Amino acid sequence: MFGTAKRDTALLIIVAILTLFAPFLLNPFPAGSAMAQFNAGYPDLMQRFVIFGIFAIGFNILFGLTGYLSFGHAAFLGVGSYAVVWMYKLLDYNIIWGLPLAIVISGVFALMIGFISLRRSGIYFSILTLAFAQMMFAISYSDLLGRFFGTTITNGETGLQVYRSDPQVLIDSWESVPHLLGLVEMRSTYTMRLGDWSFDFNAGYYFCAVIMLLTFYLAIRIFRSPFGMMLRAVKSNQQRMNYTGLNTRPYALAAFVISGMYAGLAGGLMAAMDPLAGAERMQWTASGEVVLMTILGGAGTLIGPVLGAGFIKYFENIFSKINDNVLHSWFAFLPDGIEDFMVVIVHPFVGKGWHLTLGLMFMLVVIFLPGGLVEGGQRIARLFRRKNARNDAPDGSKTPAE
Amino acid sequence: MDAILLQILNGLDKGSAYALIALGLTLIFGTLGVVNFAHGALFMIGAFCSVTLQKILTISTISIDETQKDFLGRPLEVKTPIMENWFGPEIGGLIIDWSVPLAILFAIPVMLVIGYVMERGLIKHFYKRPHADQILVTFGLAIVLQEVIKYFYGANPIPTPAPDAFRGSFDFGALLGLDTALAYPYWRLVYFAFSAVIIGAVFAFLQFTTFGMVVRAGMADRETVGLLGIDIDRRFTIMFGIAAAVAGLAGVMYAPINSPNYHMGMDFLVLSFVVVVVGGMGSLPGAVLAGFMLGILESFASMNEIKAILPGIDQIIIYVVAIIILLTRPRGLMGRKGVMEE
Amino acid sequence: MAILEVKNVGKRFGGLQALNNVNLSVAENSCHAIIGPNGAGKSTLLNCLVGKLIPDTGSVMFDGQSVLGRKPYEINQMGISRVFQTPEIFGDLTVMENMMIPCFAKRDGAFELNAITSVTSQRDVVEKAEHMLEDMNLIDKRGMHAASMSRGDKRRLEIAMCLAQDPRLLLLDEPTAGMARADTNNTIDLLKRIKDERDITIAIIEHDMHVVFSLAERITVLAQGTPLVEDTPEKIKGHPKVREAYLGESQDAA
Amino acid sequence: MSFSKLTRRGLIKTSAVAGAGLALPTYLRADAHSGFTNAPTGDTVTFGFNVPQTGPYAEEGLDELRAQELAVQHLNGEGDGGMMNTFSSKALKGNGIMGKKVTFVTGDTQTKSDAARASAKAMIEKDGAIMINGGSSSGVAVAVQGLCQEAGVIFMAGLTHSNDTTGKDKKANGFRHFFNAYMSGAALAPVLAKEYGKDRRAYHLTADYTWGWTQQESMAAATEAMGWETVNNVLTPLASTDFSSYIAPVLNSGADVLVLNHYGGNMVNSLTNAVQFDLLNKEVNGKKFEIVVPLYSELMAAGAGKNVQGVIGSMNWNWQLQDEGSKAFTKSFGEKYGRPPSNSAHTCYVQTLLYADAVERAGSFNPCAVAEALEDFDFDGMGNGPTTYRGADHQCFKDVLVMKGTENPSNEYDTLEIVEVTPRAQVEYEPDHPMFAGGDLGECNPGA
């Protein structure tokens, strides 16, 4: 089905089901309960999961397949966001204008930056991409371009946003909410209550989810295509590539541009969900984040980057919100002394200490699961398989791009 | 003219911090082949060695002064440092005043131990792993280290002044017979001299000791040296400790220049990578040269005359220079072929 | 008729004249060996042929066209394939994938953005690759990681990858270096078979005289960057100059 | 194109009916019937405290969080009641708000617009927060204010000092208690003229982002009006950690005052660097060289240590004020946390009480009713003397403090001393003042 191998089709279907039912799966705890803190099924975070999933899937096409480690991909994310918000300002709040533009413009930027940066390899390449991205960040953060043009281009550290005085030539009256063709507002949410549970079905989330599935499907096709194979060959042995009559530069550049366009799309979607483009999303920390997401999940695997993105965003948004009040409510069932003791123990790892937990998780994953989270999943799966059929012959069909 | 002289001084000073951090980083790159994202955190821990020693030296006894009130209107608790009790206010005060230079002695063993533990406990297991894994684990470690510091010291910068003897500035203008003042802070001159000594010591160590020769040989060709029956691993462990100590010492003496805070390591991390790569992978002189060069260029770019022509150039100069150098010289200023190019 | 014509090629590295006025002519469908002591300039010459190095002087013509100034992949597309001293294969890929890449390179050229269709749907390439693997007796190992194969298998795979492109000239750089005697003999047999079955020219650099005399139809002896003599194996064996310059000095290599 | 232009509204309506299952244009948990976002249904009401908990402003965020927690206690009738006892409005009874117990959730802004909005959205969407309070930078405040406007909740800004927050970027759902750059300039200029004379030449170093620009503009305008001359204004990158190359040229520029339009880590470092260059011991143009830091905070002063001594700046509030409200708050805060509150803590505390009081007076949590109750509200007893929340731009008008670094501090909290309490009349301005022009409050948005 879909022109993909059976295993890939199965993976795609599983991912589709998971995203479709995410509002249920991410809200396993009743709304009022102490554990509700761990629920992640609210629109903003669900949107972030899939948007950063797209970002990481695209990054993986470059890093996972070719091995070129870009440290400046957040620049394309920012470019995509600015493109969409500018379309809001100039035309109207319909996201249909901005998203294709985000892809095209980030593609153009990726072509220029990639063309120059790919003249070098290894860490020299990484630093070139970092330098370009940091330049773009500095320019956006202080709106340096705006100083030359005499009008704001990025609106500095506040972030680019839509004002009532903006032209919005396609409409007469001012709008304030991004929508798709006037059919549905991105923030529309239907809340379903089942007993104590509550589930949010958000239009923006499903829009992003559909796009994520499309990009995931495209990534599968790329992984399994001759082009994808060539990219893995670039990573494996450039010398042999050259002496097999293959020009490595355009292969790497094409991967760079494709992943840049993925990043631009992700950035565009961020602005489509929340009509503001902040300069921080171009900073090196943002570029570093997608690197971490990809490695954490499992570089070069199809589903790994999505898992990594979800993992990091979950910690950022859920663990940072756990304060001492919440801790007390968790441990309220314990006797007073022990309750306070537990709160003191857990306190450094949550709330303002969420970074500490994240750092520890990075170390634990990379020490114990060298292949990232995907390897964790594989180990669990192997454990089950071994239990079920001890005498099975070793699986020789394991393809390296798994 | 005087403006340019001043910026050269500034550049040398900034450059010495960059060079010291990059030196340690490139030692780890070159000898161990490890991408160490925790190197900035080592610099930060060095700065907090100064803070810690200052706190230790100012451990105080508390007495109640009924004549003064605190902010809630209660009698004020007056703190007297134990140092002043022991040695009298004069000498005790002097010891506290000199806590930053004294912290050098404190920091060397601390940083060597931290470096040793890091290498044996963690980094050692990642020599054979892909660079991606090294990035993830050292980045995780960097976050953990800075969060631990934040837990104990808070997020606010902590003033760590230089000894009173080094307050104020030296007037080069008078020295050179210029009309205009060309004042430069004493402590910054001390920092520059200190870095020069450290850099010189590292180079001398690598150049003139057998240990250094083996390490240099190991940087050039690890396998061959290993085949010669030399225990290169143990020497690399010591090298990691030294790299940590260099970063730490850079931090110790930096504390009076800018009050240390827990995230100062991350502020320097990206920059130090740029410096190392511009200098060229695996080249110690390259790292030092690039450090000073970028420091001076950054200082020049912040001159009003330059900013008048190119507004905002000071924000991006480092990156522009990095791009130009990497495009004109494929392996940075003095890089060796084949190091971190795969 | 000569398919490869090297004329007056010179190459200098700093103070070292690595190649000096080298002339070489390789006849089509022949097997031509280049021998010489260490540092004679054999590898430098080879690198000049494939575009890794550009000679300071002289010309290199392949099938009437100059290869100078062309990139390695362009020269390869002209029909020159190279086998390395230590096998250069795609270690992270499977044997089958290793085999398919040259098939794609042959079919699609230096770059083709074929990003949507599945590899397995390219029947022509799959069949050709399978055929090559069968031919090389590697078909059982098709799912293996190339890096985990034995050295002899890697060598066979690399030769197979070169042949998959149907090159007109196959350059071999000490193909049996570091091999056990049995593997060496297998490789010799393989190369003989290739020579018999295909219209192909083979140029080989080799230390091992057993290999050279088993395969070569003509031999060029290189010493200190200059061709000493060129002749048939029989004549070379008895040539006094060669004995003096080469065979006498390195008995153990022979 | 014309398609969307002509029929958009109609389409939204029909689609809302047709696709009612999926696309009801409700925002989140609000029952559509209540008419506004996150209408509290049970016996509790949830506040969202959005402060920086990681990054350079984490300490400031922590102090804000302390104050917010204290405010919630006081609202619920716990503790000594703090400023509720001195507040001129007596609507709050210490039984929560309209009988509902106040609870709160917290989030981390990371001092990044994106992260702050994500965190605010989480509190609104997931936790049902009715109001967002806190923050310690203007970029974040503007970003979150915009979000609250769209979401239909009230935003009670924390520390935000840029003119834009209640100028170019003002929003009907957003309210700022903190003072702003213009007020700093207006309060400082007369004091500076008195202390340092009217014939001064100022050299500005300005952080290169929106707040820095408005701060510099305000200071330059106010001091120039007093007769000062602005010699130069140099923009410094936010990422700077070492300001030596910007400070070195100051001495030879002919300026005799250095104005540091920096905040947070930037300010700590630039002031430390300036003192290293011994500027305060120099004489230029026959006058003693001086440094001015327009926006002070206790935490920055602590970070800069001895370097603040004798340096003048301004603040919104300080714990040393001797009015009843300030004393009550300082006592309450000090007894709970063992340290005096910072001025950002004060703002967050007051904002929380003001919001609660407005709800009580309006008799509704509906943001529009609350906004109406806050607009042009006059109150006293909150530490800054008689204060007005101006309806035209949602900016509070009150006395401003001019501060100076204490020369001989007697204890670790004694870093700054009050030079003058600038009366409110002196810092007031018209809503259409050019520095605040270009904005539009819009209409209050109740959300659902």
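Brief remarks follow.
Labels A, B, C and D are assigned to the chains in the order they are written; within every chain, residues are numbered from 1.
Everything below uses one rule, namely that contacts are C-beta pairs under 8 Å (C-beta built on N, C-alpha and C of every residue); 3 or more make two chains touch, one makes a residue touch a chain.
Note that the structure is a prediction, hence the values are computed from the model and not measured.
Steps from chain B to chain D, taking the shortest chain of touch contacts, total 1.
Of the two chain pairs examined here, A-D and A-C, it is A-D that is joined by more C-beta pairs in contact. The most centrally placed chain, judged by C-alpha centroids, is A.
Compared with chain D, the chain whose C-alpha mean position is the greatest distance off is C.
Remark: chain A and chain D have CA centroids separated by 33 Å (rounded to whole angstrom).
We define each chain's centre as the mean of its Cα atoms; on that basis chain C and chain D are separated by 74 Å. Between the CA-based centres of chain B and chain C the separation comes to 52 Å, rounded to the whole angstrom. If each chain is reduced to the centroid of its CA atoms, chain A and chain C end up 46 Å from each other. In chain A, the residues that touch at least two other chains are 138, 142, 355. Looking at chain B, residues 311-312, 315 sit in touch with two or more other chains. For chain D, residues touching at least two other chains, in rising order: 58, 62, 208, 235, 237, 239. Remark: the chains found to touch one another pair up as A-B, A-C, A-D, B-D.
The part of chain D that touches chain A in the complex is made up of residues 1, 4-5, 7-8, 11-12, 15, 19, 21-29, 53-54, 58, 61-62, 65, 103-108, 112-115, 117-119, 121-123, 125-127, 138-139, 142-143, 146-147, 149-150, 164, 169, 208-210, 235, 237-239, 438, 440, 442, 445.
For chain A in complex with chain B, the touching residues are 63, 67, 69, 116, 119-124, 126-128, 130-132, 134-135, 138-139, 142, 144, 147, 284, 288, 291-292, 295-296, 299, 348, 353, 355-356, 358-363, 365-367, 370.
Residue ranges on chain A touching chain D, taken from their complex, read 39, 42-45, 48, 92, 94, 138, 141-142, 156-159, 161, 163-165, 170-172, 176-177, 179, 181-185, 187-191, 198, 200-201, 203, 206, 270, 274-276, 278-281, 316-317, 320-321, 323, 325, 351-352, 354-355. For chain C in complex with chain A, the touching residues are 50, 71-74, 76-77, 81-82, 84, 88-94, 97, 100-102, 104-106, 108-122, 125, 143, 145, 161, 165. Of all residues in chain A, only 3-5, 221-222, 224-230, 232-233, 235-237, 239-248, 250-251, 254, 258, 396-400 touch chain C in the complex they form.
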